[in-house]
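In what comes next, chain A is part of two complexes: it sits with chain B in the first one and with chain C in the second one.
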Partner chain A sequence: MRKKNDITQDIDWPLLVCYLVLVTMGLTTVYSTAFNSEHSSLFDMAMPYGKQVMWIGVSLFLGLLVFLIDSSIYRKFALPIYGVTLALLVIVLFMPAINGAHAWLGFGGFGIQPAEFAKIGTALLLSSYLSTVSMHLQTMKTVLISNTIILVPVVLIMLQPDAGTVVVFTSFLFVLYREGLSYDPLILKITNAFPGIRFKQTWLGTHFIPIMFYVVFLCIVTLLISKTTFGLFIPGLHIPGLVGVIIAIAALGGIVYWLLSRMSSKREKKRAFIVVIIGFLLSTFMSLSVSFLFNGLAPHQKSRIELVLGMVEDKDGEDYNRFRAMAAVGSGGFAGKGYKGASLSSVRANHVPESETDFIFSPFAEEWGFIGSVILIAVYLFMLFRILLIAERQRNRYYRIYAYSVGMILFYHFAINIGMNIGFVPVIGIPLPFFSYGGSSMMSFSILLFVLLKLDSQRRDMLY
Partner chain B sequence: MKERKDIYWRAYLIYFGFVALMLLVLFQTLSLQWQDVAKDLDLTEENEGKIPTRLRERIPRRGEILDANRTPLVTSVPFYDIHMDPQVVEEKIFLEEISNLSRELAKMYPSMSAGDYERYIRRARKNGKRYLLIKKRVTNEERRKLREFPIYNLGRLKGGLIDTDETIIRKRPQGELLKRTLGFVQKNADGTFLRVGIEGAYNDYLTGEKGEEIEQKISTGWKRTGQIVKDAVEGADVITTIDKEIQEVAHSELYRQLQDQGAKHGTAIVMEVSTGHVKAIANLKRGRDGNYYESYNYGIGTKEVPGSTFKLASLMAALEDKKIHMSDTVGAYGKYTFYDELLTDSKTDGYGRITIKRAFELSSNVISRVIYNAYRNEPEAFVKRLRSFGLGDPLGIDLEGESDPTLYAPGSTNWSGISLPWMAIGYEVQQTPLQTLAFYNAVANNGRLVRPLFVSEIRRNGQIVKRFDPVTLRSKICSNSTLTALQRALEGVIESGTGSALKSAYFKIAGKTGTARVLNSDLRYGNKGEEKHQASFVGYFPAKKPIYSCIVVITAPNKDIYGASVSGTVFSAIANKVYASTLSYHKAINEQPRLKGPFPKSMSGSNDDLQTVYRNLQIPYSKKIQEEWVNTKVSDKGILFQTRNIARNAMPNVMGLSAKDAVYLIEKSGMMASIKGNGKVVAQYPYAGSSLISGGIAQIVLK
Partner chain C sequence: MNFDSRRIVIITFITTIGVIYGFRLFYMQVIDDTWTLEAQRIAEKRHQITPPRGVIFDRNGKMVVSNETYYNLMMQESEITNLDTAAFAKLIGWTPKEVRARFIEIREGEGTYYNKNQDRTTSNYQSVRAYPFLKELTLDEIANIAPHLDKFPGFREEPTSMRKYPYKSGANILGYIAEVNKEDIVDTAYHNYYRSGDNMGRAGIERYYEQTLRGQKGVKYIVTSALNNALESFAGGKYDTTALQSPAMKLGLDIELQAYGEKLMQNKKGCIVAVEPSTGEVLSMISAPSYDPNLLVGKRNIKQNYPALLLDEGRPLFPRPLASEYPPGSIFKLVQSLIALQEGVIDVNTGFPCNKSLVGCHNHGYPSDIMKAVQFSCNPYYYQAVRKIIQQGKKKTAFADAEVGLNIWAEYMYSFGLGQKLPSDITGQRPGRIPDSKYYDKWYGHHQWAFSTIRSVSIGQGEVTMTPLQMANLAAIIANKGWFYTPHFVKSVGNSGTLPEFRKKNYTMVDAKYYPPIIEGMRRVVNESGGTAIMARNSEIITCGKTGTVQNPHGQDHSVFIAFAPLNNPKIAIAVFIENAGFGGTWSAPTASLMIEKYLNRAVKDLAKEKRIMDAHLSGL
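So, the complex of A and B:
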């Protein structure tokens, strides 16, 4: 018989261990990066690592509190929690701007960023809402309400403004997609307005979110590389960027067809082939037209887009941080420079500003090299897979949706942050979960994860 | 179950996305090792620990423009942007003092409460901000106070106060006064500079030299560090010859008359006779709103026919060439015909037969006849003579925009039969008011023509950088006899001529009126009743010992046209006020020469006391003697102190001392003093040197 009061029961230990490993790696990196021989104690509160130790302690304490509360509470109080985080988002707009954004809510000497906590509130309410309407995922009402739950904090965060967190919130859309939310109610309103057309379901509506992301991604990639040429390892060969984009689309189509054909019957295979071909043609057409339209823009509009996408390399201006971080990552080599060996990205050398927060990957990669990077990425990948696995094993829809939300948020943070450090993504300033120095992110990610662990530990309760 | 399969399919897609992205990340991490990202970046060892920097120009403070008495006419007022680097403050001090600092800040700038300030600074400290804006545009006074605040009093390195960001704003404390002559410097679209007035002429001195300061890279741009690589050289101060008091009088008197007359524009210039120092130059033009503004420098920029004021030059030429005497008589009958052109006097029936001096005093146009008769066969001699007075050349002043005078040569296309007589009375020639004034100034200055000066010195930090000494253009433009004759004639204008209304009871003015018809904007003289006139008055004062020369020109007066009544009144108002108010006429008592006797006698007495008294009275005295008691003696050079022998252990010599000193000495010797009379001691008993009687009475008589 299961003991009701043992809170350690049914904890997913691999995930918890993974969390502790990442937190430890993060702390050691903060210590090495910000190390000051005059304040060498790890617990020196004047230094970032001392404060980070405190934040980790607070986070673990909050984790304990999370575990003491019965999981049903989170579901019952999803709406109030969401309401409180929204209220904080409103209040923070009236705070004085710091670095140009109204993002910090001060309590005496400390400050928190409500946007970090809004993720938790949104994840809880979205899970709670979608789990109640499981049978009605195709209705207009569901589409509108679920999107509104995401949109309200997004608008408030845009007002701060905090572009990075806004981008992170789009991860919830994938959760909607995974749960099978269809945008057909909206799409059909448009298509069926034409006389003679009476669709019941559209492919676009069903896969609206990945298609939308694919379109945006394709447009950005086209814009970014259409002007460049590359050699593809063959000397003397200069393939125009646009041709490269089309080759990449074709390759992607091939992979998708291969994946589809493996899971399909013969008849479905034929249909999949047609879908892939149409997709390829549409993508190519879109890519060409985006490139064409962009070249037709007025110069000032062009330069604005170029600026937003970071297409203009301004190594001493906008891209200052990014290029320095890239140089630091590259300088690490295969095996790295050793612990406390970062000569470019440590706070002492100060070539890479913000190297203890948003750019913490760069000192880590500099000190531990490619091997270290592989390990770090492996740990993160393991964590993400573990979360998805946890998600998929839930019988309760509510738990599953929440688990997916956590997984997607972490994935987004991870991808964008590392992408920033290795020069893929323009600098939008979001932390590396469990790793970067900073109280708000450490606390919010920990709560997010501990709630998941708690929910998962009670997954069997549903059977009784 | 199709639904189920479809959902799995979606999950796989997400897994696929994860893996794809991770692989991409690994690929890029690896490829970064081969890309030489660092090659363009400044990541050298020496640069380690440093944030990129660049040099920034430090614009020095622009110099001031002062009047002759060092009253500022144009100043640069510095304002400071105050920033703070909260990171450098020690934790302990920060925690102890932050609320005190915030309270002080809120007291000084109440737009934020003390709590707001505290939160603001604390948060900046926490977020690693190193360049936190505290307040923009504070005055130097406020900056000084800020430096006293808690934390800030620790200085820049420990208190984090960054208060070196200076903005300089040019201010003209006297408003419209002298605005055009003070001028400005303006950058044109093509990169050249428009240099107007004193600001323009002495721009290089005023600007100083730029310095350089290091700026540091921060995420939002660049911040100043306060590390100065090259000090800026401050702009030098330009000390003008302008006397603000006189300028004010000239400005306000001209303004009033222009307004009374509804005139178009006018100018008034006051110059110091011996040096050419321009003491005041007012230029006023009617604006659209009916008020008058310093918008164009007519005094130096506009040449116009001078009219009757030029008769002085004509007569000077004829006198110098010995063609005439002032006592020669001429028939001034009011109408003078040259070829088919007619000149008339303002009194149409003329003045009868009068001397040339009288004709000048009455400003009769018979002067044209006089000159015509004298030079009809050799007009070039007349023009040559005029040129020898400097009338054909510009004065070459430092300010830009001086017009060259017009003086036609006989035989040139502009010369006609009537040129000579017309020129004699100030037509067919053109001069700026300043040029006319300089000529009259030469007459007042015993024939020495000096260049008008606007600036006397340029000083940097109190040290003279450049001195502008008076420039003599021509040391003697005519003989003394001619000068005397013309000076008498100019005095006569005021005594009994056209300027008799300007007579002053306190001092004599010498001068000449002029009324000229000037061209309209359509370059015509205008029909009867529509003519435009230019009324001028130029002269100097006091007539016998001239100190200032002055010209007043008013163009297009509406009520009256005559030089005496329109411009002369402004002239006499300026002269009266200058005479009444400027110190140079009334030497202050303490400016009496010190070194001249006779010096006051004094009693002999205590060396210290006497020295104090003489020192404070600024009477020279000999200082060598160290003795306690001295005799004094009056000499030519001052007071001589002589050693005084005071017998010890015997009756002291108190002769010539004051009662106080005498009693002191007697009682010090152990005797008692009995005093009679007052003044200095003239008699004493017992005599000096006799033996002392302890407790006995010494009698002294003072007178």
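So, the complex of A and C:
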């Protein structure tokens, strides 16, 4: 027989253990990175590790609070919580700028970043909203409201500005995609405005995540080769790269049409033809505009993109941070340089800036090598899969959507942060969840996760 | 509509990213070592520690080359705060304008590199690194500056070691050191040993024994921070090596004899080379005119003095004893005598009439034997004796006969170390010339010449040339009765003993039994009336010698004298060559005798003789 009051019984222990493992690994890394022999105590409040211990303590306390509060509160008070986080986002804009951004809200000696907490409010409200409109996911109203929930904090965060967190908010698109939301109502409004066109649905609105991948892929390819020329081995012939891209799109369209026409009836063949033609035109248009827009970018934005794509190399200049971090990671070797052995990325060495916060993966990888890095990635992947598993086992949509939100936010942070350290992603200043030094991120991620654990522990109670 | 399948899209996406990241990390951390090398470039600094150069002693344990501490005034821009340029300029005795110019000079001296991607040129200069603002200050100079440096943060003193020559003598032997240039740094022959700022031997012993004297550089690997602070030694100092100074070097040189010889040779052009016959060690090697080796210590001195020395018409930088190829004159008759005896074309008692129609001569008694021939230095005697060596009648025609004879003669000469560079431990030698048949074939054509064509070589004129070092070696060979150790400078390095390459006795092709009559002749040259070098006579020391007067078509004849002493158990063999001084017995012979006396008795008694030589101006111009 289950005791209703026993909060430990239904906790998802694997996820909680994952959390504790990551927090521990993070703390030991902060300790080794920021280590100062004059302040060698782990609890020295003058040092990042002392503060981190405090933040972890605070986070665990908040986690306990989350468990003590009845889970229905989160759903009932989703809108007020969202409202409070938005209010904080507005207030923070009036705070003095630190490093050029109005991101910090000071409380005495400590500060928090409201943008970190806005993710919680948004996740709660989005879950709450989408679970009420389950049958009407393809309506114009749903599309507008759910996107507004996401967009309002995004706009406020953009004003700070904090590009990293804005990027993270696009993780909610995955949640919408998973729940089956379609942008068709919006897109059809535009396409059907043209005389003679009567679409009932578009791929664009329904399969927006795969299309997003295609678009990103196409953008990268366009940028990579639009400036080059090729000659097909014919001397003197210089075909611009952009022409090559368009030829490739046309070829792709041809193949798709051939595949579609073989599988469909005569009437559908005609439709497939139109789809391919539109796809070709849109792709070409996009390719051209990306190329055009890129040339119109400010030089520093342009160079940052060029650096990530490997089009230029500037390891001691523009690409200093990322390159130093990569050198630290790569020099770790198979087994690493040993604990406290980060000769590049320790705070003392200072070759890798922000090595205890945004670039914390680099000291970890430098000290623990390939073995450590792979274990860390495995722990994160395990955690993400566990969250998705938790999500999919919920009978309640509200719980599932929330779980997906948590999973995708964590995934974004994981992928962008580590990707930045290994040269796949431009420098976007966002922390590695549970790992990086910093109170706001530690608290907000902990709350995010503990709310999930709380909801999951009560998944059976929903039947009552 | 059921969207559960969409979770597959998401899971696939996450998995793909995870796997790609794993592979990427494997590539970066395990396969590709680019990053490890970059990390080394970024954080690991290799500090070289240059030991002081090895010190050098003479044969009596007198220090001839030592090291002295000098000071560089170092400047690190990143630590400079509110520099009072006027006050600083006053402190170092410059104008503010010069101080500012020096800052620019340091920055520009570091060169630039071009960054292709950014299309801009960046200086190699780093504000966090220390550069010498003033170099090679003496203790006196730094003592005036150092106490006030606390008012100028970013400036500090740093000791540096430089050469010192306490005796101011032997510049042509010891050589000098100078900072390496860009070519030396990249020269593959040096195996990347040198870094900018290192010194290297440029001449003499310093150059020949560069690899020994420079010692062994120490290397310290340290890990540095982005601000270039040293953090810790790399890998606990596992790869560090200590700097090792070369063990002390001992020369065969007698620095006091050297200094004395330089004094005797003042206001003259020429050389003195003295060798210890029993070891081949060079006791002194004077090249006149000479210079104080301290003139070429340090960058400032070299910059100031080198061009003047180079352009001086006395050519003090030219190593005369090694590189001047003089016709030997009459001293050559000694070798001719030995060869004639060995070849059996004459014997000890062979006499030739002094037939002045063959070749000019002075008035003297009848050279009835080889001793008298040496004593009188009779030209016609040697004309006839050498003709017998060259034209031995082995071939039908005189031309073919001369070819065979000359080549036999040349082989003998080579065995005396002539016509070739002696494998000594100094650079700058010239080989001298012993003409053989090929040489004359080139001039006259094959079988177009015979003894009569080349007769002047019989009395040491014409095509034959020798360096003063070879002349001294010849004296040593006669003193040893037929063998020599290659003349050399270094006695030992640390406790090495004589270096292996100088432990091999070289024998001439003339048997020991033929030497005593020649030595007797040489004794008479100095010690009997009618000898040509009675001015070299010393009542306490029996010196054996031979004068020479080298005909010089360009001016006054050169005065030459070779000798060894004492007669029994010779301790010193010497050659003196004074350009444009005339008769050999007048200047070179007394000079040699003073050197011999100085070396054997440590003091000279005949001060009038000494004064006469020292005061003489014999530059002949």
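Definition applied: the second predicted complex is superposed on the first by the 360 of 464 C-alpha atoms of A that agree within 3 Å, B and C clash if a C-alpha of one lies under 4 Å from a C-alpha of the other, contacts with A are read in each partner's own complex, and residues count from 1 in each chain.
Just so we're on the same page, a residue touches a chain if its C-beta (ideal position, glycine included) is under 8 Å from a C-beta of that chain, and two chains touch if they have at least 3 such contacts.
Keep in mind it's a predicted model, so treat the numbers as computed, not measured.
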Clash or fit (per the criteria above) of chain B with chain C on chain A: clash
First, second, both or neither for A:441, with chain B first and chain C second: neither
Touching partner for A:377 - first (chain B), second (chain C), both, neither: both
Chain B versus chain C as contact partner of A:46, first or second or both or neither: first
Touching partner for A:324 - first (chain B), second (chain C), both, neither: both
Partner chain(s) touched by A:263 [first = chain B, second = chain C, both, neither]: first
Partner chain in contact with A:177 - chain B first, chain C second, else both or neither: both
Chain B versus chain C as contact partner of A:392, first or second or both or neither: both
Colliding region between chain B and chain C, picked from 59-67, 185-193 or 221-229 after the shared-chain fit: 221-229
Footprint overlap on chain A, where chain B in one structure and chain C in the other make contact: 174, 177-178, 180, 210, 315, 323-324, 326-327, 329-334, 343-344, 348-351, 365, 370, 373-374, 377, 380-381, 384-385, 388, 392, 408, 411, 415, 418-419, 422-424
Chain A partner contacts - residues on chain C that touch it in the complex: 1, 3-4, 6-7, 9-11, 14-15, 17-18, 20-22, 24-26, 28-30, 32, 34-36, 38-40, 42-44, 115, 117-118, 223-227, 231, 234
Chain B-touching residues of chain A, taken from the complex the two chains share: 46, 96, 98-100, 104, 106, 108-111, 174, 177-178, 180, 210, 259, 263, 315-316, 320-321, 323-324, 326-327, 329-334, 343-344, 348-351, 353-354, 365, 370, 373-374, 377, 380-381, 384-385, 388, 392, 408, 411, 415, 418-419, 422-424
Chain C contact footprint on chain A (complex, rising order): 174, 177-180, 209-210, 312-315, 317-318, 323-324, 326-334, 343-344, 348-351, 365, 369-370, 373-374, 377, 380-381, 384-385, 388, 392, 408, 411, 415, 418-419, 422-424
Touch list for chain B against partner chain A, complex: 3, 5-7, 9-16, 18-19, 21-22, 24-26, 28-30, 32-38, 40-41, 43, 47-52, 91, 116, 119-120, 122-124, 126-127, 129, 217, 219-220
